[in-house]
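All chains are identified by letter, namely A, B, C and D, in their written order; residue positions are counted from 1 within each chain.
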Amino acid sequence: MSGLTEFSAEVQAEVARVREVVSALHAELPRWGLVVWTAGNVSQRVAGADLFVIKPSGVTYDELTPESMVVCDLDGNLVDGDRSPSSDTAAHAYVYRHMPEVGGVVHTHSTYATAWAARAEPVPCVLTMMADEFGGDIPIGPFALIGDDSIGQGIVETLQGSRSPAVLMRNHGPFTIGKDAKAAVKAAVMVEEVARTVHISRQLGEPLPIAQEHIDSLYDRYQNVYGR
Amino acid sequence: MSGLTEFSAEVQAEVARVREVVSALHAELPRWGLVVWTAGNVSQRVAGADLFVIKPSGVTYDELTPESMVVCDLDGNLVDGDRSPSSDTAAHAYVYRHMPEVGGVVHTHSTYATAWAARAEPVPCVLTMMADEFGGDIPIGPFALIGDDSIGQGIVETLQGSRSPAVLMRNHGPFTIGKDAKAAVKAAVMVEEVARTVHISRQLGEPLPIAQEHIDSLYDRYQNVYGR
Amino acid sequence: MSGLTEFSAEVQAEVARVREVVSALHAELPRWGLVVWTAGNVSQRVAGADLFVIKPSGVTYDELTPESMVVCDLDGNLVDGDRSPSSDTAAHAYVYRHMPEVGGVVHTHSTYATAWAARAEPVPCVLTMMADEFGGDIPIGPFALIGDDSIGQGIVETLQGSRSPAVLMRNHGPFTIGKDAKAAVKAAVMVEEVARTVHISRQLGEPLPIAQEHIDSLYDRYQNVYGR
Amino acid sequence: MSGLTEFSAEVQAEVARVREVVSALHAELPRWGLVVWTAGNVSQRVAGADLFVIKPSGVTYDELTPESMVVCDLDGNLVDGDRSPSSDTAAHAYVYRHMPEVGGVVHTHSTYATAWAARAEPVPCVLTMMADEFGGDIPIGPFALIGDDSIGQGIVETLQGSRSPAVLMRNHGPFTIGKDAKAAVKAAVMVEEVARTVHISRQLGEPLPIAQEHIDSLYDRYQNVYGR
């Protein structure tokens, strides 16, 4: 399907650019061990239009190209592309409709993050790099079935009450957000890393908490002073 | 041994094609960390003949080529090839004889799946991706010695009573099936991933169960609506 | 900023050489699984001047080049380079100011070392290779916030009372030192390896201690007789 | 040092061939995750002479070449080569002196095997592939200091009473033997794999034992019928 003809040349150029970005960022998922087979996806909003670019369904990471990416509107309908969009497209679309500040979304089933999600247990903020990046615990979202807006609603409701760019959907896995797809991929990499480190620390005892005032101070510095 | 001369040109062409497929799919086993040294094998049925193509015995993954693959009949006898077939050939053959819908079989000793197998404990269905792919728990097969049809019988009896395309043979490791070798390889990758994730989740508490109706709904959607 | 013009030609040549060394050594961090994304840094002192070369801030390991490295004075001020120095520069600078025998410093958040750090628990010396390399337990440094000399002070105070070239800063991660950056990188690799091995050993029981006299003997041999 | 001139042309040719073999096999150690930095070594006996080829000391795996390998006599003295032999040479030499059937020796500090060694706990035979390859539990050797024949004696005394080609030296790590260096490398790969799998299995309960008669049957078949 090719439905971009009604959009301006600027939007079409931006779509082409975002296809490149999103295609390249998918390589980060297997590189950092976040996915097996085809089980993860990255999307990015198209500046200047109510569109986003997302991975096609059922295609392995080796086969992805900018051309194979698909373009959807904010209701998750296919606008441009030769393949079906990822089966997680409705969740990405819901986030873009309800969180205008979000420019990128990533979903994986990365192992340690998903292990916390299966117990519905937030990852406690016991590392300075968690305070920097997540500003506190990594929260759990509700159990939700695929097929309607339940997953998207669960993501948005959880993240709107949190500093964290990552939510662990119960029995399912992490979704992360960012100002663009690269920031959401970074959050996906970091959520797995901190989920893994805190898991390992807790295997042999209880990690020491970081005082709330120190979490606040680290988060504020990293997000503002340090300029991220 | 070259015993394909009695088969039609179509079958010989199909054997050549399946040799390519099976040889290439073996590279997925070390890629996803499912095997060390030579300890895993992939086979695929040859359409139009009572034959299948399988890995030769004792050859490392780097050395495999389409030509080095061996062709066996459904009793596991060597029909074509310069080397001995994998020592697991009898188990593959038994599956093809008794499960006509199966077109591919994979065997590994992947670490986490084998760890559950050593305790004879099924992997409980606590992840949405397990519901999607396996439709419930991953079952345990009996302890069986190599050398006759015991392993094949254990695989078939266990899988015929289950939605799961994977069985964990007690004290041994996983066998997976699929409509072709690629589907069986995907099941081998996924069984290790979910065995690992559920293991890690259970290390720090009890993962929350998914209600049977939700498992059924997810499985039905993934297998039918989603088109796998 | 280019502030090297006031330095001698010898120092400028040494800076160029150290830029090469430090840039290349950063590749060892992802290679040995010590870092994700941009979360680790290597520095080395410049012989003949009160300068050191360190990673720029926020640059991924793939993008690092000798030219992108930055040069700082021993107060952590930028002297030469187009980018901001790593946000950990103050800690490196403090070490160079207070430990004149140190020629290289490495900081990572490597997983197992950080897991011990989150519990503020030293890694006990139960492996002969720990006795060789660390001469005893790997010590814990205090909790310290970024932004002043607290982290540097914690590193120096802890390491000055220890044979170990590695300190695990509480809730944060490891810092390692060496006669040059390569030695500090080796210590960073080894601290993660022994933190991981001892962690795994303790998961199923208590590792047997090594007698202090044997630790002393192994350490002495490795550092002196063996010629490291 | 070049001390091969007193040996026959056949022996010199064999030394050249074994240098190639041993150099290439070192690449298997990092490939299968058995070593970090320089912490592992492979050796092979030279047919027709009381010599063996071993890794030089302190050289990283990337830098190894056939020419950089060193040749020692069976007392561990350097016979040919530009560098010092590995600091573990005395242990390899002791094995070659006392076990004439052994043609290859490997030493690593691979993580899971070393974790069992730190607890001085044999790995129980609960996997069919352990029965195949090791014929029973993987035994523990004594604590021994480097510097004399203690390590070699501990290896030989432990392995002479066992079917296993691997011994876990207490608080130290695994040594493996084989008819040549390739077989010893395979044993080093397999000992880590089974140490890891049994460790993981035991984390969540007790693996089921395999009856001794089944272990015997599997071992006999694998070593004899299967032709290894």
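Here are some notes:
Just so we're on the same page, contacts are C-beta pairs under 8 Å (C-beta built on N, C-alpha and C of every residue); 3 or more make two chains touch, one makes a residue touch a chain.
Note that the coordinates shown come from a computational prediction; the quantities given were computed from them, not determined experimentally.
In terms of the stated touch criterion, chain A and chain C have no partners in common. Annotation, chain B versus chain D: rotation angle of 90 degrees from the Cα superposition, expressed as a multiple of 5.
Look at where the CA atoms of chain C average out and do the same for chain D: the two points lie 32 Å apart.
Look at where the CA atoms of chain A average out and do the same for chain D: the two points lie 46 Å apart.
Multi-chain contact residues of chain A (touching two or more other chains) are listed as 203.
Of all possible chain pairs, those that touch are A-B, A-C, B-D, C-D.
Interface residues of chain A, counted against chain B in their complex, comprise 36-37, 39, 57, 87, 109, 111-112, 114-116, 118-121, 143, 145-147, 170-173, 199, 202-203. By the touch criterion given at the top, residues 32, 126-129, 186, 189-190, 193, 196-198, 200-201, 203-208, 210, 214, 217-218, 221, 226 of chain B touch chain A in their complex.
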